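Common to both upcoming complexes is chain A, partnered first by chain B, then by chain C.
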Partner chain A sequence: MTAINRVRRVIVSPTVIALLLSVVLFLIGGVIQPDFLNAAQALNIVRLAAFLGIIAAGQTLVIISGGEGIDLSAGAVVTLGAILTFMIGAGQDSNIPLALAAVLGAGLLVGVVNGLGIIFLRIPPLVMTLGMTGVIQGTILAMTQGAIPGRTPPGLAGFINGRFLGLPGVIYLWLALGIIMWLLLERTPYGKQLFAVGVNRRTARLSGVNVPLVVIATYALSGMLAAFGGFVLLGFTQRVFLDLGGSYLFPSIAAVVVGGTVLAGGRGSYTGTMAGALVLTMVESLLRAMRLHEAYQMITFGVILVLLLSIYGRQRRNQ
Partner chain B sequence: MTRLVASNVSKQYGAVRALTDGNIEIEGGRVTALLGANGSGKSTLGKIITGLVRPDSGELTLDGERVTIRSPKDARRLGITAVYQELSLVPHMSVAHNIWLGQEPMRRGGIDQKEMRERSGELLELFSASFSTRVTPTMRVSDLTPGERQIIEILKAMAWRPRILILDEATASLDGRQVERLFELVAQWREEGMGLAFVSHRMEEIARVADRAVVLRNGDTVGEVDVATTSEAQLVQMMTGGATAPHTTRQRAASGEKLLEVEGLSSGRVRDINLSVAPGELVGIGGLQGQGQASLLLALFGAEPYRGTIRIAGKRVNLSTPRRAMREGVAYVPGDRGAEGLLPVRSILENLQLPSWHRYGLLLRQGKAQADAMRAVDELNIKIGDIEDPVRTLSGGNAQKVVIGKWLLRKPRVLLLNDPTKGIDVGAKAEFYALLERLRDAGTAILFNSSDDEELLALCQKVIVLQDGQLRAVLEGEALTHENLVAASMGTAANGSAGRSADSGGRP
Partner chain C sequence: MSRLGILLRNHTWLVPLLLLAIAVGVNVYLQDNFFMQRVLNGNLRVMLPLMILAVGQAIVILAGGIDLSVGAMVSLVNTVFVTLISADSGGLELAGAMLVGVGVGALAGAVNGLCVAVLRLQPIVTTYATSFIFAGLALAILPRPGGSVPRDLTRFYRDYILEVPVAAYGIALLIILWLLLRRTRFGHHLYAVGGNDEAARASGVRVGLVRFGSYVATGVFSALAAIALTMSIGSGNARIGDDMTLSSIVAVVLGGTRLAGGRGGAIGAVIGVAILSIIRNIISFAGIPSWYQTLVDALIILAALAGPGLVYLIRRQRNDGN
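And now, the complex of A and B:
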């Protein structure tokens, strides 16, 4: 009985459904455009999904934490992370550790401020993180005066894009993050308390959970992970602009939700988000394969995001 | 004269029969009190009259004509309005808007603000002498004291010009002067021919204001009496069903030491509570529901700010958060499982281990956590499929066992229970009682709030009774009878002997 239950739980899990969905989308791509269906294309999609997946990691934690939790500052923090890496890295591999430390520190700072505002000033997460977006963008402008000096360290670009045993480096990075995130959510006291806080904060508090600490730590982690996403993304784009991260914000939320993490909080997984990132990247690639005009690609992708969010948002509400 | 009669009404909620045979007559020019202990069905009967609850059977007649009341709106149309303790006011709206909500005076397609303010002013005038500061129609309700809000609630009911007015615990948050004024007005409205029903947990108020009393017990109306010619002791006897033998308990030899000592504790709803519980002692908290029992327990668990001294095993502790209380070995089992006790969508394992995860390392030793949780499942005989199943798949009784199990895993020294058997079946209750006795005999200090008087009498060696947030009586030994319990919860004495009264008997 028990074993069957567990198997059934895995099969009907949102992660598996999302993975199947991305395979189906891939096959549909093959029907539309026969040369879409090959291993190189599949690998390329997984590689692109890795960037979205890494950026969506922090968002997963924040959405699980409930209380209308959402991190709308993630896009701006991605940009900030990329720009800091670009400026501090300045084309020198020896600067990478310093750049990474600065990136993580900046992300941490943003996240802690978000968390403090949400917990102690009781500002709704939507408002707090949206306001933070403006603050970050303004800071970047003031810092750079529009012209951003610097260069991507070649070692970073080499690792992210280079192939190791046939796979791009970013995929290894993504898999490692996947393992860390699984451990964090399923095998640490923090993870268990995060789910509890997401389901019902009063119950969590009455079970001895330090709710403010968990929430602030979650926004702090989200800031750090988004900034790290910017660091990784720079290795891919090797150039920076003010709206670099912005285009990842909405897809990152969609990836979390398609992966079965409930918008109301308290339930979800990062493996689901990984599968969700695959689905969304697949949709984007499919639209590109259909050779639509770029404007129509963007419109269609936007409509699909809204559809996915409304379908999944309506399903499986808490309790 | 107006006459509302409810005859043979009944109401069942799931498996629980709240009201079997409820009867009441409310007549114009009379004040009828509705009396009953916890679970007697008096609040269900009150809600049926005002359309909040629809009866399963029975009939209501108004002035001899059969009526159906489907909603409070229906009731208001028939001239029946009610004032409840739980406030129905909109805090950010003005006094005038609240009073006239739903029947605003109109003029030329809009609300006639001037008319509304004037008519509100007239109503406020009724209580003007009892307000400590002036209350005007344009003030926001959120700026008023609880007592003033309660008065606005009464005026709101009066704005419907009712023929029948039900006051359900409407005096609970009023101060002495305001109660006096309300009673003057009640007398005046009665003279004008209004029919009033009055529910209160203060016997003294019933004796003062009511003409007749309808008494309920176990879902039945057991009688209607003339208040002036009936003694309080007789009323209590009607509420409890006659003499019960003094309760005998399997008393453990009381050791002198105390595990939990509380001195002068005040919090949200309670004032100046003194009590102590010895290891191996099961102390009950009684009284009508909502007299501060939950507030007391939450304060002792660090979940509500308090003033006063709490000692655990002789050491003074500062319980500023539930975490701190937990570290001192205090556990709190709530009755409201959905809101306070469980995470329905999470697994049984996660629910059981939620307070204890930090004991399994930074990288959790899942196997050990699972084995420990399984031991609690076996010990409590919780019927589960898989420990990874969500808790919402469990029945009420098994779910409540999970709430208790998560604290048993921490072996608490002090166990606080807040009406834990509400809504669980008889079998699970019996198991639960056996468990409590086992824990008590193992030396746990237990403080047990219950809305079920029978349960308190059957389990506890000692029961403290709260009324209006104050400790009214400590009942133990010979004095621990249902009569004394009910009498104390109404602030009176049964046959003149309500055990040791808290006012005269010093610390329990």
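And now, the complex of A and C:
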């Protein structure tokens, strides 16, 4: 590849387009609502995007793995993670490690069940993870029986919302996750195998990749990352309710797609998803700042989402 | 392939029908007045709107798509319909409002079809995006739940003709409508496009047009579902359809339709809705503590979804053993 091609590819990459778009949207926000345009607002939007971005990390992996991969249980797992942290954390910082372990364990369990169902029972991912959503919600109801005892550990809330060198803790967490995800996808055998599986399962298998293992591991990772997202989100909301995570489910998928990861699998990046989360959060904040009626906010959000998707959500044309 | 295998392949609704029979058996055992006219009518009335919606979802899934906006379309048409009529609307006014409702559904479906078939956007995310547009429009039309429907209309929906519940006629009509649709050229092409779009294109099927048509049909069925739902509940609510989207997909899959498209049918979807509804009945009559009901419901549904896979797994292991 020549240097010019490489530069061109970086410039027109979905990540860069999405990032530029967020800046443009932010400036448009300033034109419409002059008090929108300030550093505190920008920081706030990045902070809100961090939660969506963290929750969308696992979704990115699952979608890259192909085979119509999608994780519709992510929303319920986010709620489960937040509730476990709330109950086990019980307002004590000393309980945070135990709560985190339980959260990751629960996410792992859900993800492995999803993976097993998809691989061995050949249930389409959409249906399997949709079915698991009901099971998780049912488990939460049976477990809490309507009353959720507990409290957010103050240390968690302090870290997520507190400022370090001027930035909220969650932004550092997001950047760290971004680096880990980049290393995972670009510098580990798992990452290579994941893309291979996403492009074509048969050729991946023929070239020695253990396809079932990679797919199950991917859903397991997705479960763990979503549950971790719930853990982080609790630090922000500091209270739990039954559809806490549900409202992040489809935005997380949209963030992945807007970030240039192809739903058909085999191509994508987490940096794209990060930029996608930023764009979606920017649009939402902008609409809120315009103080439109909720109905018109929804309509505008839908129209913008369709426009964003038509920029790079297009399917490859049949040959 | 064995003869049984061929039979099951050609009639994908046979296994779901067996499941339904088992579910009804359990239900009758737990609730001895199940077949009483009044109880049966109550069940059918609740099922009909979701059945109509599931038929719409089945059509778009057969053609290889999926529609996450059906619930929002139901909300939209419900609010449009309720806004156009009042408690003392006459027959002509009602018919006009229904026609407008169906038109709105078709238009909404056309928007989806345009995005997926013409702009070639990915169905899952696109119909999720358009669901915001439709739900937002519904909320703009009817910001607060309300509105009223002529008493005669809701009474008719609950009524009987020749001792048979009106809702049962609705279900029969729905199935006839589907059987007619399947015999048309559009019906054949739905299967062709969903099964293998390249082959369909090569044999002269206008794939894009069929895909577009499948979304319009889904919009129309969503509108019909909304009208039935409005007759059932007698008022308007901009969030009424929110929970129906995912149920419609589960019903289609339970009914034996392959999510990848090309195989299955709307009769299975109708049976799928009946199964979902009967499972809920069973759970409430089995004396399961209320906090565990959702979990039991979800586990049964997951088991039903996993059923064909389990059969496949066992068969494969047996073959490996030989």
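Here are some notes:
Throughout what follows, the second predicted complex is superposed on the first by the 296 of 319 C-alpha atoms of A that agree within 3 Å, B and C clash if a C-alpha of one lies under 4 Å from a C-alpha of the other, contacts with A are read in each partner's own complex, and residues count from 1 in each chain.
Everything that follows uses one rule, which is that contacts are C-beta pairs under 8 Å (C-beta built on N, C-alpha and C of every residue); 3 or more make two chains touch, one makes a residue touch a chain.
Treat the numbers as computed from the prediction; the structure is a model and nothing was measured.
Applying the stated contact rule after C-alpha superposition, one finds that A:310 touches chain C and leaves chain B untouched. Contact with chain B, but none with chain C, is seen for A:199 once the two complexes are overlaid on the shared chain. Once the two complexes are laid over each other on the shared chain, residue contacts for A:149 go to neither chain B nor chain C.
By the touch criterion defined above, A:301 reaches chain C but does not reach chain B. Of the two partner chains placed by the overlay, only chain B lies in contact with A:267; chain C stays clear of it.
By the document's definition of touching, of the two partners only chain C reaches A:137; chain B does not.
Of the two partners chain B and chain C, more chain A residues are in touch with C. Taken together, the two complexes place residues 318 of chain A in contact with chain B and also with chain C. Contacts from chain A toward chain B in the complex involve residues 1-2, 5-6, 9, 183, 187-189, 192-193, 195-196, 199-200, 202-210, 266-267, 318-319. The touching residues of chain C, counted against chain A in their complex, run 66, 68, 115, 119-122, 124-126, 128-140, 143, 197-198, 201, 207, 238, 246, 249-250, 253, 259-260, 291-299, 301-302, 305-306, 309-310, 312-313.
Across the interface of their complex, chain A is touched by residues 301, 303, 321-323, 326, 332, 334, 338-346, 350, 353-355, 357-358, 360, 362-364, 366, 385-386, 388-389, 392, 406 of chain B. Touching chain C in their complex are the following residues of chain A: 68, 70, 117, 120-124, 126-128, 130-135, 137-139, 141-142, 145-146, 250, 253-254, 257, 263, 293-303, 305-306, 309-310, 313-315, 317-318.
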